[in-house]
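Here subunit A shows up in two complexes: once beside subunit B, once beside subunit C.
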Partner chain A sequence: MSLAITTNLTPQQNWLERLGAGHIILAVALVLYPLVASDFFLTQIGGYSLIFGMLGLSLMLLAGYGGMVSLAQITVAGISAYAIAILGNNNSNILGFGWPWWLAVPFAVLAAALASALIGWISVRTEGIYTIMITLAIATATYYFAQQNYAIFNGHSGYAGIRAPAFWGIGWRDARPFYYLCLGLAVLSYAAVLYGSRSTFGMTLQAIRDNPRRMRALGYHVTAHKVFAWLLAGVIAGLAGVLLVWFNGRVSPGTIGVDAAIDVLIIAVIGGLRHPIGPFLGAVVVVLMQTFAIDIVGAERFNTLIGMVFLVIVFVSPDGILGLWGRIKPHLAQESLRPGQ
Partner chain B sequence: MRMHRRTLLALAVFTGLTAPSMALAADDTIKIGLLATFEGPFTVLGEDGERGAMTAVAEMNGTVAGKKVKIVKGSSDASPDSAVRAARKLVEQDGVKVLVGPLSGDEGIAVKDYAKTQPNVTFINGTSAAQDTTLRDPAENFFRFSTDGAQWMAGLGTYAFNDKGYKKVATVAEDYSFPYTQVFGFMAEFCKAGGHVPSKSWVPIGNKDFSSVIAAIPEDVDAIYVALGGADAVNFLTQYQQGGGSAPLIGGSITVDQTVLTSKGKLRDVLKGTPSAGPTADTNDAPAWKTFVEAYKKQPGAFPSPSLFAHGYYVDMKATLLGLDQVGGDVSDGGKKLRDALSKLSFDTPTGKVSLDKNRNAIADIFLTEVTEGADGNLMNKLVKVVPQVNQTLGIPEDEFMKLGAVNRDNPSCP
Partner chain C sequence: MLDQPSSSSLSGGGTTRGQAWGLVGLLAAAVMAWLVFAVWPDWLNAILISKKAFVSAILNGITLAGLYFLVASGFTLIFGLMRNVNLAHGSLYLLGAYIGYEVTNRTGYWLLGVAAGFAVLAIVGVVMQVFVFRRLEGDDLRQTLVSIGISIVAADLMLAVWAGGTYQITTPEWLDGALTLPIITAVRSNGVSVFLTYPLYRVVVLAAAIIIGVGLWLMLHKTRVGMMIRAGVDDRAMLQASGVNVHAVFAIVFAVGAGLAGFAGVVGGSALSVAPGEDVRYLLASLVVVIVGGMGSITGAAIGALLIGLAEQIGLVYFPTYGIVLTFVIMVVTLAVRPQGIMGKAR
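Here is the complex of A and B:
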């Protein structure tokens, strides 16, 4: 009762204030980015970072709010990517039912979400490092299954010749439309996670993360909440998988290998798990490093450089780039106060 | 705080360095992309490919048609996705108009597909040797001066049946398009001569434990045909030998390559006497080959003898440079002149004459070899026989060859 009164007493914020200055500046910058970026920077850096940011976001949702660290997010994305290849058109002469995109995409995302819920259901009884291990096992098993199954997955070659759809007179794999498509879906996922984290379900999930026994004693169905979180994370990873297959134009076991699974974890860890913006920051750093490290130190040692940058970030700030920001912010606030005095 | 600023600075510097690199490329340099595997199970192979390509560049003193050659490198991990991503970076960010690579079979097919979307860029293969890269649905701007995996097997099937007397052979090969092509090339001759292949094992790239594969090989075979590359070959051969396996081996081209022969351990005893075939032979005493070996050895970290990856990348890079030389380094017309020149190009490599067929796939000499110990204790491939000017259809008329069907795990078959 008292809670309701306090809510009524808080002054009404308009939607601009509620959005926050940071979000508005970021949104304007991202929308205007195509004006300054080349096609390569739009898709290979921008689009790719947004896609991997979404994968990191789905992991952040599980790990940050649910305390469940998953290595299987790329597997979930792979399931929707393969679904697009199988249900839509490909030029590998295997399967390819030729469904239109508006039918294939919902099915692919649904399949990914259900698979994610299933993975969650299997792993939800474990905690901490055991969740990591069991999801790693699922990711590895799926990788080898795709690699060695020819009837459905077409083995090591996978599927090629997958085209992003063209509608409303726009080819959605062209640099600008594709960037905006990625941006749109990333913003949607980001907003959904941010909103969800403050919803009743989000609060319950965070409470379960902090003390599952107490929540169980209070009468909450802990397993159901966790599995539902997996389902939601699966929707985001599934959307990222659709974008990924349109981006590459192909999908093969290499797309969903253990390397890629670990990339997603690195992205989330480097970015930080405390706020949904973290994975996107991490994705930008990782994608830039993976693309350009070879130009800095040459072909023989570039992976060493990538590893060292990651080490430095985690060394300086154990909770990622977000943690760095958290440490710098008080200093900035102090400085900005001074001129006013 | 300080660290944060430094990170930002580093980011700003390297985006600044790379973004305007297109604009900085002056008229007196030609940029060539070099795509090879510098990560994953084929790293050693990719590094030797790079040595081969750099040998060709060094041979021309780093210039072509009076312009300086600038090599921009891209790395893949042998998966088709990573190859396309690296190729995109080289073409769309670094702005190369000519790209040499990639190394491995499925990568080649993926890059060929990508080539179709970049009609103004000329793609010259590295050592990727899947048959379908050029035989079926080829790209107008994709050239292969190194031959394909089935061509590399020319003469081996007949030799194994007639000279070695093997009637029943089991095969163990990696599970992707290049080993399919190799097994196809071997079996095309071996089955025709009257041989039988009762079992074929396909193992994933990067496999570590081969015990189940070894257990599945039938007891009564006369020999085992092995087409594995790099670390996979070393792992399989070591485990086969430790498991007490004693059947003689027949080697795929990259199984008895310098990338495997230089590995240490008891493997040496197993490999001695293994017949194989491929685009090179270590004991080739042709002067051109010896000159090439000397030039190759000047590259840092070189093997005692160039691997077929060094050779393949050398031949393709050399063809690229010769083609560029013929057009005066001019690719401003979207590379049309260059592609015309390359299509007609025919030149003498360290391993004989190379020319292209109508699908832009090479016709070249193939070497039948046997592994032997050299005077200095190094294992090498002794030249047994040269099969001259093998074409992509292995001398079979094209329509008849196409009827054999696309290579895959089940084709061909002669149990």
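Here is the complex of A and C:
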């Protein structure tokens, strides 16, 4: 039997049909969102969700298509964030080469992608659970490294005073432009992942995930494919890192701490790892919770709440919200379609 | 013509290679012994700061390795049998430390605190095994995710109870004080030798780690329960089929593993301090130790702990801002040469 192909595309569909009604409605809603949202909802909820959605997406690309669960995505984003602080301008009086944004950003993303490929190259030597452990070890060690190191990372305080650039007559720091910047890059990443998953490379990667031995026997270079997937995931995480440092205006070891690393995993798992939209869903849920749970459970205990929600979702539906939806959908549609009847 | 010598060197190659490595090891041990016991010439002091700094770093590394071993041995034990990565292991360490602090503080008996740290965490471990991990048997990813969830909730609840402050567990008087070691650090101008003194407590921690390590090894290799555990590592289904109550074995292993984490928490909290964030530190140590040493191996955990402990302390003294890079290097080199870890079995 040939490999299972997860898409149900027929070549006759035109691009509008291929895109699907859901995507179009979602796109229109997202583009029009600034009309109804306040500045707070635009950046703190909208922009932040999109940034963390991108980080989750880079994890989804690795975990969903490659079967490699990484806890080092925030580390990769942090490398690009630190690169922006070091190559561009900051007010911490250390390093800061003052490169213009159009030079600093590609270098930051490149550095992130290379770092990601390196982490991948280290971790693909082992499989499954070991990947989680090794990436967690790398993420934690990088956090301690950033905290201890004063020559490059400026130690505990990190870098502050990083400003998003203004070009084409637009100040990208402002709420609305920043939201559209995040949206644009998120949509680009999302489309790229969706397209990539159906490309030859994506198919090969999924086949490697399902049966690495067979693929190796067929003559595919399994390690190279996996490391390339890490490189691609690194590009997305690197872009998210650039947005993150512009969003915060600063970067410190806390940005790439273990909490943040786990946040990315939570986001991707809560949303669902089976489809690229999952991490964005998860990001919206988690960011909303982080923002408003304080009103419900009091000032400090929202981590308990988030942990509990995470636990319940892992117990109830391993595929997150998307998995829940997949289970509820047949019940809504038709009684006779219920599984197990 | 070419075949003959190559085949003969192939058969003899194993022993000569082994002998070569033995020789290298012996040489390294001799150099080490000389570094520790000889009186250093000035040029060496100039390179390595001072003999006192060097020997202290080595001793600190070894004693820290004892602590890391205690934490990581529980971690590797639980993983070895149940294929269960319990990423809440650092939380077990921290909870043990807090419990040890409370008990020691209220009763005034440090040993009671140590016992409580072990006992309470052993119970917590059994509860976790029975109510959480037993339901997720065989599902690695969900076990990992659930244990991460537990660690988040645990960290937050501990923060709620003990706030963000730093605690120090007070050790009893008979453990305070310093040992004078037969190691000369310097010779004064009047010819009097200065001997190195070292905190007694840290030596006791190391001794405890060695005793527990040997005990674990004996338990695993010489007792009936140990036999079951090792059998379970290799073939769980067969163990179950031969009439062993696998669930009971799992519960015992989890109790020992979690208890060790709690024990290490009290012992470590007395030597260093107890504060939020320590859970992550010891989780990292456990991860790196078992990645380097090899999953499920007690000997591997000992080797890994020694490497990481020494690397951390030597890094701290000689290149403070780049110290952690040593840990990276050790991990990467190990994975490059032996992906399954130094003592790990090839899968």
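Keep in mind that, in the parts below, the second predicted complex is superposed on the first by the 321 of 341 C-alpha atoms of A that agree within 3 Å, B and C clash if a C-alpha of one lies under 4 Å from a C-alpha of the other, contacts with A are read in each partner's own complex, and residues count from 1 in each chain.
What we mean here is this: a residue touches a chain if its C-beta (ideal position, glycine included) is under 8 Å from a C-beta of that chain, and two chains touch if they have at least 3 such contacts.
Please read all numbers here as calculations on a predicted model, not as lab measurements.
Novice: Clash or fit: subunit B and subunit C on subunit A?
Specialist: Overlaying the two complexes on subunit A (C-alpha atoms) leaves subunit C and subunit B clashing.
Novice: Under the stated touch criterion, which partner chain does A:Y150 make contact with: subunit B (first), subunit C (second), both, or neither?
Specialist: It touches subunit B and subunit C both.
Novice: Identify the partner contact of A:Q206: answer first if only subunit B is touched, second if only subunit C is, both if each is, neither if none is.
Specialist: Neither partner.
Novice: Is A:Y130 touching the first partner subunit B, the second partner subunit C, both, or neither of them?
Specialist: After superposition on chain A, A:Y130 lies in contact with subunit C alone.
Novice: Under the stated touch criterion, which partner chain does A:F310 make contact with: subunit B (first), subunit C (second), both, or neither?
Specialist: The answer is second: A:F310 touches subunit C but not subunit B.
Novice: Return first, second, both or neither, reflecting whether A:N89 touches subunit B, subunit C, both chains, or no partner chain.
Specialist: neither
Novice: If we overlay the two complexes on their shared chain A, which of subunit B and subunit C does A:T223 touch? Say first, second, both or neither.
Specialist: Neither partner.
Novice: Quick one: classify A:S252 as touching subunit B (first), subunit C (second), both or neither.
Specialist: In the superposition, A:S252 contacts subunit B only.
Novice: Thinking of the overlay built on chain A, is A:D39 touched by subunit B (first), by subunit C (second), by both, or by neither?
Specialist: first
Novice: In the overlay, answer first, second, both or neither for which of subunit B and subunit C A:A160 touches.
Specialist: The answer is first: A:A160 touches subunit B but not subunit C.
Novice: Applying the stated clash rule to the superposed structures, which of 4-12, 40-48, 76-84 or 166-174 from subunit C runs into subunit B?
Specialist: So the stretch of subunit C colliding with subunit B after superposition is 166-174.
Novice: Where on subunit A do subunit B and subunit C both make contact?
Specialist: Looking at subunit A, the two contact sets intersect at 144, 148, 150, 155, 300, 303.
Novice: Using the touch definition up top, name the residues of subunit A that touch subunit B in the complex.
Specialist: Listed in rising order, the residues of subunit A that touch subunit B are 38-41, 44, 91, 144, 147-148, 150, 155-158, 160-161, 248-255, 257, 259, 285, 288, 291-292, 294-296, 298-300, 302-303, 312-313, 316, 324, 327-328, 331.
Novice: Which residues, counting only subunit C, touch subunit A once they are in their complex?
Specialist: 83, 85, 87, 135, 139-142, 144-146, 148-150, 152-153, 155-157, 159-160, 280, 283-284, 287-288, 290-291, 295, 320-325, 327-328, 331-332, 335-336, 339-340
Novice: Hey, which residues of subunit B end up touching subunit A in the complex?
Specialist: For this pair, the touching residues of subunit B are 1, 3-4, 7, 11, 14-15, 17-19, 36, 38-39, 47, 50, 73-75, 77, 79-82, 84-85, 88-89, 92-93, 106, 109-110, 113, 175-177, 202, 204-205, 409.
Novice: Within the complex, which stretch of subunit A touches subunit C?
Specialist: 69, 122, 125-126, 128-130, 132-134, 136-138, 140-141, 144-145, 148-151, 155, 258, 262, 265-266, 269, 300-301, 303-304, 306-308, 310-311, 314-315, 318
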